[in-house]
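Shared between the two complexes below is subunit A, which has subunit B as its partner in the first and subunit C in the second.
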Partner chain A sequence: MFWFQVERLLNYWPILLKGLGMTISLSLLSLLVGCVIGLLFGIIRAGRIRWLSALTGLYIDLFRGTPFLVQVFICFFILPTVGIELSAFSAGVIALSNLSACFIGEIIASGIKAVPKGQSEAALSSGLRYSQQLRLVILPQALRIVRPSLVGQFILLVKDSSVISAIGIMDLTRSGWMIVQNIPNGLLVFGVVGIGYFIICYPMIFVARRMERRQQTSIL
Partner chain B sequence: MIRFQGLNKWFGSALHVLKDINLDVAKGEVVVVCGPSGSGKSTLIRCVNGLEPFQEGKLVVDGTDLSAKNAALRELRMEVGFVFQQFNLYPHKTALENVTLAPIHVRGLSKAEATERGKALLAKVGLADRMNNYPSQLSGGQQQRVAIARSLCMQPKIMLFDEPTSALDPEMINEVLDVMVSLAKEGMTMMVVTHEMGFARKVAHRVVFMDQGAIVESGEPASFFGNPTHDRTRDFLSKVLHH
Partner chain C sequence: MLGNLNIRVIADYFPALWQGFLNTLMLSGLGFAGAMILGIIACALTIQPLRWLRAPAIAYVDCIRATPLLAQLYFLYFGLPRLGILLPEIVIGIIALALNSGAYVAEIIRSGILAIPRGQFEASMSSGFTYLQRMRFIILPQAIRPTISPLIGQAIVLVKDSSLLSLISVVELARVGQQIALDRFMPVEGLAATAAGFLIIYYLLKALAGFWSRFDRVPGRS
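Right, the complex of A and B next:
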């Protein structure tokens, strides 16, 4: 019985592979957009314009403090009622990018704040503009500090992408749901789905661990 | 070159850290500021390049009035070098990159020009063979010499030193002081916060003693050390000179 199910599952590999591809492209695209916006959020959060920082903080907390599923539903079901029609994929990317930006923003802000004050004072004293201080002196150090937690966050976000299957995107998780209708062995099917996520995440875990080790031994 | 007129500064509303400061530093003059810790000497020197704001009085540095709301601080800082107690080198850049960063990005020098200038200055402070090392690979004394070269590479008119040797091991103090002495002899306008009274005696034109936020006494080294007029100065000198 078990081997028969395994054999049938093998017939479904194109669907699983497509699901894996969808999960990868969805996560990658969202992480990319999330990094760009998150960097901006981080700079604003650690910046000197108080009201803007507070406003951004409120926005970030709003998304960090609500379930991702609810955010996805709002993107997909509520936005159309105000005239913004989105495909499931766009809605998914927007929701996940937004969530990524919020988490990444807070991490980068903490990194900026962790750079010793003497660094910005030295940069300021030599006549660098604020934007130059950030780009040349502060951000390179801040990103080095937060790199391990940033990669950790990337892993969480790849896994969070499974939530988006709820609005009908054929990602890895939804492929699993489909296949399990035909092969009534949840453990087997979702075991394989889980392995799919692990294949994406393990290289990232590996990289993160190496980075952490390097950071501990580095003389900085 | 530097003129304090009735300058007052408070931290918050209660802590009066600088009290009615009046001080002139002429071009080419070397002024050493000393005093017990918490006397406001670091705060004083940090006012000169606008690192610390102040509430009352006037401070004019190289023609720039720092009490004005729209003071051109960035332009002023290009002309005023600042050396920190903790060096504050950029840890992700090599010694040479530390030195050439501001000349390239602030002065607009080409990389080649800046590198040439930077190499010459690093050689001058005795670190020709350490140019491609990162700060973490250098001793404290070497780091501070890089920091001095970094400031000099902007070709400033004024150099400010905030306890440049206080974070150093004793055997490294002289290598840094030697660089400062040669700088002073070249006619650089300098304000130096330090406890190194040997340095003050040797190169200072004037020594200023501060206590509790106020300038208590100032004078030429000979009279300052030979015959201080205030009890507090005498008390302080007895503590720093006899050990």
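Right, the complex of A and C next:
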């Protein structure tokens, strides 16, 4: 019985591979957009313009405080009511990029604040403008500090992409959900789905751990 | 968009929303309690020297951290009946939440204990403390303190994650919101009410974290 089901699962191999491809492209696209907007958020959040920083903080809080599932539904069901028609894929990418931008923004802001004050003072007294200080002195150091948390955020992003399956995107989780309707063995089907995610995420977990360890030794 | 928000609908559904809110609190509370127990056990197993006990604990933590909660949830939901274990959806959901967060709790506690310098163990030993006194007065107070903030962070994640249980038809806040959206074709009202409920919990937990970090400030340390 078990081997029979394994054999049937092999017939669904193309669907699973397609799902894996969808998960990867969703995550990569959102990662790219999320990093760009997140960097902007981080700079504003750690910047000197008080009200802009507070406003960005409020925006970030709104998305950090609500479940991603609700955000996906908002993109998919509410944006059309104000005239923005979106395919499920673009709704998913928008929701996921926005969420990761919020988290990456907070991470980068904390990195900028962790750079010693002397660095920006020294840069200022060397005659650098604020934008130059940021680009040449502060950001390179801040990004080094937050590297492990950024990798951690990428892992979260891949895992969060599974939630988008709720609006019918055929990602890895959704293809598992489809297959389990035909092969009634959840342990087998979602075991295989889990292996798919493991292959993407585990190397990143490994890298993040090594970075953390190296950073701890470099600080001590 | 929010200008023509139909407050009446939210008022009509308020009892259902309130029930969903309470259910979310209950689910997350039970899930977090389970996660703490699992996490402490898994952490204890990963830092003790016996290899055959350590390996399964590490495998548990890594497998959970490398896969999404939704896949874990479906794994249990579609998989447990296969093993002849028939449980109501809500119980499966709580188990999934506890298993998922347990791995993260284990990592948080482990980093708390590993952050204690070796000198602390050695100094307390050479001061003549017994093992229990050492744990009680020197090690645990230092190990627990730095874990409180990340644990509150994990609780926030867990509350939000509990919304995924709506996908296996557990009635909680997100599910009630979806029902309003579907019954009355009013997605804005349903989702806004859901989001508001989760934001209340989020800000409460965030305030708790802020309160703790002020309370925890040790003079002379950053």
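We take it that the second predicted complex is superposed on the first by the 218 of 220 C-alpha atoms of A that agree within 3 Å, B and C clash if a C-alpha of one lies under 4 Å from a C-alpha of the other, contacts with A are read in each partner's own complex, and residues count from 1 in each chain.
We adopt the following convention: a residue touches a chain if its C-beta (ideal position, glycine included) is under 8 Å from a C-beta of that chain, and two chains touch if they have at least 3 such contacts.
Note that the coordinates shown come from a computational prediction; the quantities given were computed from them, not determined experimentally.
Peer 1: Consider subunit A as the common anchor and indicate whether subunit B and subunit C clash or fit when overlaid.
Peer 2: Subunit B/subunit C on subunit A - fit side by side.
Peer 1: Which partner, subunit B or subunit C, is in contact with more residues of subunit A?
Peer 2: Here the partner covering more residues of subunit A is C.
Peer 1: Pick one for A:L10: touches subunit B only (first), subunit C only (second), both, or neither.
Peer 2: Neither partner.
Peer 1: Based on the superposed arrangement, let me know which partner A:S165 touches: subunit B (first), subunit C (second), both, or neither?
Peer 2: Once the two structures are laid over each other on A, A:S165 reaches subunit C alone.
Peer 1: A:G127 in the overlay: touching subunit B, subunit C, both, or neither? Say first, second, both or neither.
Peer 2: Only subunit B; A:G127 stays clear of subunit C.
Peer 1: Return first, second, both or neither, reflecting whether A:G191 touches subunit B, subunit C, both chains, or no partner chain.
Peer 2: second
Peer 1: Quick one: is A:Q141 in contact with subunit B, with subunit C, with both, or with neither? Answer first, second, both or neither.
Peer 2: Once the two structures are laid over each other on A, A:Q141 reaches subunit B alone.
Peer 1: So, A:L58: does it touch subunit B (first), subunit C (second), both, or neither?
Peer 2: Once the two structures are laid over each other on A, A:L58 reaches no partner at all.
Peer 1: Angle at the Cα centre of subunit A spanned by the Cα centres of subunit C and subunit B: state it in steps of 10 degrees.
Peer 2: Once the two structures are overlaid, it is 100 degrees.
Peer 1: Between subunit B and subunit C, once the two complexes are placed on the common chain, what is the minimum CA to CA distance in Å?
Peer 2: 18
Peer 1: Would you mind writing out the residues of subunit A in touch with subunit B in their complex?
Peer 2: 116, 118-119, 121-129, 132, 136-137, 140-141, 144, 219-220
Peer 1: Using the touch definition up top, name the residues of subunit C that touch subunit A in the complex.
Peer 2: Contacts found on subunit C: 1, 62-63, 65-72, 74-83, 156, 160-164, 166-167, 174, 177-178, 181, 187-188, 191, 194-195, 198-199, 202-203, 206.
Peer 1: Considering only the defined contacts, which subunit A positions touch subunit C in the complex?
Peer 2: So the residues of subunit A in touch with subunit C come to 61-62, 64-70, 73-74, 77-78, 81-82, 155, 158-163, 165-166, 172-173, 176-177, 180, 184-187, 189-191, 193-194, 197-198, 201-202, 205.
Peer 1: Show which residues of subunit B lie in contact with subunit A when the two form their complex.
Peer 2: 49, 51, 74-75, 77-78, 80-82, 84, 86, 88-92, 101-102, 105-106, 134, 136-137, 147, 150-151, 154
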